[in-house]
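The two complexes that follow have subunit A in common; it is paired with subunit B in the first and with subunit C in the second.
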Partner chain A sequence: MLAEIGFLSLILSIVVAIYAIVVSVYAERTHNETLALSGRNAVWVNFAFMALSTGMLQYALVTQDYTVAYVWSVSSPDMPALFRWSAIWGSQAGSLLFWSFLMSLFAAVAVWLNWHSQRRLMPYAIAFMMISVVFFSGLTLIYENPFERWWMTPTGIDAMGMQEYDVISAALQPPGTVEPSNSRLAETAKGLNPLLRHFGMAFHPPALYLGFVGFLVPFAYAMAALASGDLTRDWIKASRRWTLVAWLFLSLGLILGGRWAYDVLGWGGYWGWDPVENAAFLPWLTGTAFLHSVMIQEKRGMLKLWNMVLVIGTFSAVIFGTFATRSGLVESVHSFARSEIGFPLFFFWFSLTLLGAGMILWRRSQGLLRDEHRFTSVFSRESLFVLNNIIFMALFVAVFWGSFGAPITSELFLNTNITLGVDYFNQVTPPLFLALFILMGIAPLSAWGATSVSRLGRALLMPFLLTLATLGLFMLNGMTSIGALIGYGIVSLGGWVAIYETFRGFQARQRVHKESPLASLRMLFARNPRRYGGYMIHLGVTVIGIGIIGSTLFQQETQQTLSVGESLSLGGYELRYDSFDGGQITQDGRILDIANVTVLRNGHEVAQLRPRRDFFPNGDMSTMTIAGAHSTLENDVYVLLVGWEPITAASVTFKVYINPLINLIWWGSFILILGTIFATWPKEIIPARTREALRTGDPSLAAARGA
Partner chain B sequence: MRLRWLFLSLFVLSVLVVPALAQDGNTVTDDEVNEVAKKLYCPVCENIPLEYCGTAACDDWRYEIQLQLEAGLSEQEIVDDFIARFGDRVVGVPQDPLLAAISMIVPILMIGASLLAILLLGFRWLRNRPEPTSVAAEPTADASPYRDILERDLAG
Partner chain C sequence: MTATWEKSKIDASSPAAGSNRWQFLAGGLIMLVAIGYLILSGTATGARYFITVSEVVNDPQYVGQTVRISGAVVGETIQYDEMNLILDFTIAHIPEEFDDPAFALYQAVNDPEVARLPVHVSGQVKPDLLKHEAQAILTGAINEDGIFYATELLLKCPSRYEESHPHQSQTGTSQTGTSQTGTEG
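Presenting the complex of A and B:
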């Protein structure tokens, strides 16, 4: 019954979304306010139906209704409750429905928040948002229906006189079939992919989806601006905060994915330049470029055409990434099996991109995307931001080519399958990242319009000296590699610029307002959250960069077989194999084989680690290797259980990594996320009553504002 | 009889010693195997380096690398052998010169072309540079929070 409600709700949500598209466009063309309001309300009704549909699937998962084929395929009775919640995105059908739900949610919130402030753009924006919702909901309904149920259809009588059945799946009960027993289905339920049975997987996919889907709103505003011809700064103002929100979640999703990979994939790393990782990284690159170049349009009315290209290109990259991931275009550890949705996704991506490009060219030919000012100085902030954008685009080209371009080109035109692995990315991308870090150090110190070299040099002096001091500390700690020191220096400069500029602002407030230091700091961020949130983001990126350099260039590893009581040495640590606990059975049915290891340094015990291998006997009988790690700010001692002598475990093979500075990546990520939250926070939230009073010129406004 | 026992003893000793000698000859460490495995990719799970993959196929390949190292092959000879048997997909960069050029040089060419375009635009700007105008410093006071609403109302 619940599955049928979910199925029907999905259909109704599509119908309502189509209504919203037609009515909104018609209302805008005929200036019919009643129809425009109807189209707006349809967005909310669409959301209600999508929420009901998604809620039904979630309920079926939580209540373990295995007659629903999707629940049977991603859940099992022995799974912990947390994973029964996260199983909704455990496979293609559920994740597509969840994606559609999030799109609908973003559309509903955008309409609720921006209907009055962006009234001119809203009808067309609704149309473009609902087009995407219709497409993804339709894809779910037609190709990957999560509401199909198991039915037993009689096939004949066996030799014992018993009725034989086949089990089929269908959305509605076919004639002559019976419903199977839920308890019998539960016995054979497949359960969630073991790789997804990790705490990080409860947050990484939804964060990533929120990031991807969040770019729908700025895309819709940009397309609405092109469609309506209202290419003033309205669409930019409407888009910027939404882009920040999407960027926040996309960054969080990428970071959580890296952390998940570090914890469960068992290779001591966090980023493998996997095609699906790269598919999520591409919109992050263009989105970051947009967040910088949008400031140029806001301040100086420049780069209008380029910003349009960026924001539409970012959503195009999101759809392309979705197509590449879900169609199996380039196989990777994340990819779902090849499915029928490949062609429809390709068609949607191609049509959307073509439409966006066509509309940009159309408005450009009308002169509506002309810049209001010209560049006046090479070292002006706008020039440096343009350079920043060029480097982001260069990174985009390099990553796209390595992940998709080269493999597809060689297969299509040269009939050869190639893989561009870590070697390619580690050769092409580091110089570009270093160039970005150099700009991160210089651009915040330049001024809009004009900056002289001498002025820039004076502003850079103190951060440069602080950078040199940082390098001195590294050298005192024994760092001798010139290449690493140059890298640390370039990366640190951006962080010191951010800290120094924040300190200068703080100092200025202290002189003028005579506040307590805490109050000064709070007011500094409150008065200009965008600027100081941005500095915090830069600081976070610097800390991440230092962590990446340390963990990449100075990682040590070894693999050795130890008998009980034997030790190995690596990077100043000693690891002693103590004992083995094999065949431990958990409540959720996993079988654990655990090695007990003692970590010593300078003869003193610093940690007890328990690297293990989890075996999942239900479902696909797969295994997962979970590392034991001793984490400090200095490094991680990361131990994997590779193999052991059967039965006695008298000897065990360990793979051990020493990952210097790796935890700076996670701490830097925390600073980055916090900075983004600050930057996104509105300076002042105007109550709805006051907004309405302002809009209508209500005389009671003066009383409401205390005048 | 004594001679028979002597030959029997020698036979038993040789059976014991030869495997021990074979053990002593095996000086290939796991780290040496992994150094080679780092350069190869899993034949089943694409884009996973052979060093890290836990599938049975990768276990077999790593064992094969161990045997080849014990037989005295160099790292490059082992990699070349795998490429000859399984194709370019087992390495991270294509071996065919044309494909290598396409893979590695195209993005560099595209980036180089973009930088060249920027330089040309920069030279054109230098030739036509207008007089630099100073721009007022960013206002320290916050703009009216209702400016946008006011502007929209005035615009109708």
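Presenting the complex of A and C:
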């Protein structure tokens, strides 16, 4: 019954969305305010139906209704509750529904927040958002209906005189069938792959989806601006924050995916340049480029055309990535069902890209995308930002070529299949990333219009000295590789610039205002969240960069078989095998084999680790190797249990990695996410009295109010 | 994409900005060449033929050449010396055209006619996902001894090659048939 409600709501949500499209466009063309409002309300009704529909599937999952085919295929009675919730994105049908739900959610919130401030854009924006919603919910409905249930058709009597049945799946009960027993179905349900039962995997897909789907809003605003011809700065203002929101989730999704790979896959790495990973990285690159170049349009009225290309291109990259990963276009280690949705997705990607490009060209020919200023100096902030964009685009092209371009081109024109391996990415991307880091050090210090070299030099002096001090610290700790030191130096500079510029802003406030240091810092962030949030993101990126260089260049590994009491040594650590706990049975039916290991440094015990192997006898008899890790800021001692002598476990084989500085990646990610939240946070959240104080420039009042 | 941008900027420049125009143009050109070179040289280093098991077994031109292949793992051939991390197994040729990946893998390992290739990997921990009817993606080269020495072993990550249909009868539940339910990775 509940599945039928979900199914019906999905259909109704599509009907309402189509109504919203038609009515909004008509209202805009005829300037009919009543109809425009009706279109707006339809967006909310669409969301209500989508929420009901998704809620029904979620409810079926949580209450273990295995008569729903989707529930049967992604969950099982022995699964912990968290993964019963997350099973909604466990497979194609559910994830498509969830994706449509998120699109509808973003549309509803965007309309709610921006209806008044972006009144002129909204009707067309609604149309573009709803077209996308209709496409994805239609895809769910037609190709991957998650509300299908199992039904039994009697086929005859077997030799034992028992009634035999065929099991079929259908959304509505076909005539002549009977309902199967839920408890019988529960016995055969196998549940989520053990590898996916990890907190990173529970939150990585929704974060990624929120990121992907979030780019719909800026895309719709850009298209609405083009369609209405209202190409003032309004659409940019509205799009910018939405892009930041999407960027926040996309970054989080990428980070969680890396963390999951590091924890679960047991190869000591976090990024493999696999096409599916790259498909998620591509919109991140264009989105990041846009977040930089949008500043030039806001401040100088330049790059209007280019910003359009970036916003539309980012959403186009999202849809392309969805198409490429779900159609089996390229061979990836991530497996997705090769379903029939490939062609519709390709069609949708192709038409939206064509439409976007066509509208940009149309408005350009009318002169509506002409820049208000010209580039006057090669050495100005706007030129450096353009350089930043060029390098982001170069990375985009390089990653696209490596993951999709080369395989597709060779298949089409050379009649062979050529893939570019990790070697390609390791050779092409580091110089581009380093170039970005150099710009991250210089661009924030340059001035609009033109910068004199001597002024820039003066501003760079302090961060440069701090960078040298950092390198000194690395050398004191025994770093001798010149190449690595250059890398660390380039990466550090941007971080020091961010810290130093924040400090200078803080100093300036302290000079002018009589307030406590903490109040100064808070006011600094409150008055200019984008600027100082941005510096925080830069600092986070620097910390991540140091972590990547350290863990990539200086990873050490060894493997050894140890008897009880024996130890191995690697990178200044000693690892002693103490004992073995075999055959531990957990509540959810796993069987654990655990080795107890002591990590020593200079003769002192620093950690007890329990690397283990989980065996899932209830599922598909799979195993899962869980590393034991001793994490410090300096490095991770990452221990894998490879094998043991049967029964006695008198000797055990370990594989041990030392991953230097790897935790900086997670800490830097934390700083980056925090900075993005700062930068995105709406100023309206600041209490009205404080805002008043800010406007009147009375800092004592603001400080007293705790701003 | 960079080219589009360059064009628009030049369009916007006036005679007054003419002297800068050449600076921008030259700078842009140098960068394009540098980026192009980077990508091309990377392509030359990283390019690998992605071929089938049958091609690598039957075509002598691939002996000693680093290639990428994908095959279905035959479960009973997996031999793992965990003390020395030496892994040997055999993969079977997967047909090029198929609708259902899981069924293609099932067919590959059960068809005695298709090409099979012994694989040798050393120094790697046996991946949890290496099992019967899993799809392995390997980089390495076939030697004259007919064994494929892999330097990189990847397995199709979280995949669920299992029944998509329960089979119910009055006498109890049993399961038949294979088909895949893909899992978002």
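What we mean here is this: the second predicted complex is superposed on the first by the 681 of 707 C-alpha atoms of A that agree within 3 Å, B and C clash if a C-alpha of one lies under 4 Å from a C-alpha of the other, contacts with A are read in each partner's own complex, and residues count from 1 in each chain.
The definition used in the following text is that a residue touches a chain if its C-beta (ideal position, glycine included) is under 8 Å from a C-beta of that chain, and two chains touch if they have at least 3 such contacts.
All values reported here derive from a predicted model rather than from experimental measurement.
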Three-chain arrangement built on subunit A, subunit B and subunit C clash or fit: clash
First (subunit B), second (subunit C), both or neither touched by A:P180: second
Which superposed partner A:T625 touches (first subunit B, second subunit C, both, neither): both
Partner chain in contact with A:M393 - subunit B first, subunit C second, else both or neither: both
Touching partner for A:L414 - first (subunit B), second (subunit C), both, neither: first
Subunit A residues touched by each partner, larger count belonging to subunit B or subunit C: C
Subunit B versus subunit C as contact partner of A:K237, first or second or both or neither: first
First, second, both or neither for A:G266, with subunit B first and subunit C second: both
First, second, both or neither for A:W448, with subunit B first and subunit C second: first
First (subunit B), second (subunit C), both or neither touched by A:P275: first
Touching partner for A:F106 - first (subunit B), second (subunit C), both, neither: neither
Steric overlap of subunit B with subunit C in the superposed model, located at which of 8-16, 44-52 or 134-142: 44-52
Doubly contacted subunit A residues - partners subunit C and subunit B: 265-267, 272, 331, 333, 374-378, 387, 390, 393-394, 397-398, 401-402, 406, 416-424, 427-428, 432, 559, 561, 623, 625, 653, 655
For the subunit A and subunit C complex, residues of the former touching the latter: 72-74, 89-92, 95, 150, 152, 158, 160, 162-165, 167, 169, 180-181, 184-185, 187-188, 190, 192-193, 195-196, 205, 265-267, 272, 276, 303, 305-306, 309, 313, 328, 331, 333-339, 364, 370-371, 374-378, 383, 386-387, 389-390, 393-394, 396-398, 401-402, 406-407, 416-425, 427-428, 431-432, 559, 561, 620, 622-625, 640, 642-643, 653, 655
Complex contacts: residues of subunit C adjacent to subunit A: 1-2, 4-5, 8-9, 12-14, 17, 20, 23-24, 27-28, 31, 35, 38-39, 41-43, 45-51, 68, 70, 80, 82-83, 85, 99-101, 123, 125-129, 131, 135, 137, 139, 152, 154-160, 162-171, 173, 175, 180-185
Contacting residues of subunit B [partner subunit A, same complex]: 29-31, 34, 41, 45-49, 51-52, 54, 87-89, 91-94, 96, 98-99, 102-104, 106-108, 110-111, 114-115, 118, 122, 125, 129-130, 132-135, 137-138, 142, 145-146, 148-149, 152-153
Residue ranges of subunit A in contact with subunit B within the complex: 117, 237, 265-267, 272-275, 330-333, 374-378, 387, 390, 393-394, 397-398, 401-402, 405-406, 409-410, 414, 416-424, 427-428, 432, 447-450, 527-528, 557-561, 623, 625, 653, 655, 683-684, 686, 691, 694-695, 697
